[in-house]
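Structures incoming, each one as structure tokens.
Next, two complexes with chain A in common: one pairs it with chain B, the other with chain C.
Take a look at the complex of A and B:
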């Protein structure tokens, strides 16, 4: 399976989300030769609900284009948050 | 004891800066913090400050957000005030037993208070898709704060979030 990995280097927070959205838009409009989009959150523990909303929007976009989506590198706290928000029911998460 | 107090203009960039400063000061205190607790504080603090910038002050750069962090024994109290028009108080019941005081005429919080569904709002003539998205964001944020076991009190344009560290230690 061809996969494309997007790495979140800065915080997944309201001040950064607009830039990430542009990046995602570029991926979905300019690249088609992939079956799976992986979001890498390694080393990232700054997150807010705008960041969570961003992840949900990427998941929905990927699903709409029949691409797989998963999150990797999320630390225990971020995984706890996603489970609290029941996001683990929608997409796969791994360390 | 006041740990941190600041007033800043309404931008997400300054929220990020102030949240980082606040976390640094909290970490510097002689407390055996669990990373889980600091993560929760960071999330809730950002949520409330973002809310003040976006919904309270409507991104008006001339309007400011006030933040104060205090400790009283095992309690950590986060007070956030914006320059919005102020909000009426209403009290919604909570299955977690937390007293949530919900503003009555803030559209998003009122919707939570009234327990309206997103589906219902989508069919409402005066709601746009972006309104629905904003509602989803606010609903998600408020519900998450409650689940993270912060007590929330809202008076006018001031929100006070309290975390009891003694309960954290038992987790």
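Take a look at the complex of A and C:
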């Protein structure tokens, strides 16, 4: 399986989401030879509700294009937040 | 519209010279003249002045005092002032620039000053002042709009109230005058329906979305046979049915906790809200109501669950949105455990005076944020429902 990894370096918050959206747009419109999109949150320790909906929108976009989607490197707090919202039932989270 | 420049100098010749220099290089400019500081203040109080060329040595009121008075009045404090004086001491230059003058020229003006530098600096000062006035006016209009929107948002929210079986206490602090947090409480056929919700983001767009949430919630409550999970499912379905932006990006997604109090029971369903707290009077303890659930508005085919616990007459529930404990710091996003600690600290107040309890909780988190050098950066909504 071909993986494509997108790394979140700055906080996944309202201020930064627009820039990440552009990156996602570029990935989905310009790159085709991947089966799985991996979102790497290891360098990120800050997320807000806009960040959560950003992740959901990326997941839905990937699903719509029949790509796998996985989140890696999320710290314990972020994982707990995703579980509160039952997002762990939609996509895999791993270290 | 043209600019008006006020030239203040006790020597008529100097005023003529500056007027000549500026009128040659600036278009669409008119001039006012003053021979001392008192005349400057008089003209400024009556006319729209866009730039002041100010001499320092003048009779009646000198330029230093005039400058201080100009800067101390709201009407004149932003008018740019360029000093044009024969005083060359650095202390004078430092003093006037510190008092708010934008530039300082010394007389007699050099040919370069007259032909190039003074006209350009005057032009720049005029443009800057015009831009700052435009920004100020825009900001005033936005503030006015926010004020109107806030009045409307407050009309939509329930007021602290007393129902047959419960008393309702609320506290709401929007981050931008209007916000995306929403709560409601209504009694129908002896059942008390309530919801607390948090629309993604904050500000005007979130405020608009939260007004739609209220309509959806009230529409669902009219189905008096509905349980909380059905209310959430119906609202979720309605979003996808009514709005073609549903589920895309960040337009209309919200977390919510819906409850029904009916004959000594609390039925509830959670859609991603931080865990509410319940005070159980018979045991004199505070517990979290822990249930996870999907966020509303992201998928059109999701199911929620209703759970039920006893709710006796002296029990009470405390609901809050994440704006209370989130300040944008990493560890804050799941810090609802802090809310329980604070609630336990003020447990007696919660049971005896819920209104004061809400004030204390907000103040406690204000102090927690302050100690971390952060602050509330999202809407905060809290409500207590106390059985009676």
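As a working rule, the second predicted complex is superposed on the first by the 95 of 95 C-alpha atoms of A that agree within 3 Å, B and C clash if a C-alpha of one lies under 4 Å from a C-alpha of the other, contacts with A are read in each partner's own complex, and residues count from 1 in each chain.
The definition used in the following text is that a residue touches a chain if its C-beta (ideal position, glycine included) is under 8 Å from a C-beta of that chain, and two chains touch if they have at least 3 such contacts.
Since we're looking at a predicted model, the values are computed, not measured.
Taken together in the superposed arrangement on chain A, chain B and chain C clash. After overlaying the two complexes on the shared chain, residue contacts for A:60 are found with chain C alone; chain B is out of touch. Residue contacts after overlaying the shared chain place A:86 against chain C, while chain B stays out of touching range.
Looking at the shared chain after the overlay, A:47 reaches both chain B and chain C.
Using the contact criterion defined above for the overlaid structures, shared-chain residue A:14 touches chain B and also reaches chain C.
Measured by the number of chain A residues touched, the leading partner among chain B and chain C is C.
Shared contact residues of chain A with chain B and chain C: 11, 13-14, 45-50, 52-53, 77-78, 80-81, 84-85. Across the interface of their complex, chain C is touched by residues 11, 13-14, 17, 21, 45-50, 52-54, 56-57, 60, 75, 77-78, 80-81, 83-86, 90 of chain A. Partner chain B is touched in their complex by these residues of chain A: 11, 13-16, 45-50, 52-53, 76-78, 80-81, 84-85. Across the complex, chain C meets chain A through its residues 198, 200-201, 247-250, 253, 255, 272, 274, 292-295, 298-299, 322, 326, 328-331, 333-334, 378. Looking at the complex, you find that chain B touches chain A at residues 11-13, 15-16, 19, 35-36, 39, 42-43, 46-47, 50, 54, 133, 136-137, 140-141, 144, 147-148.
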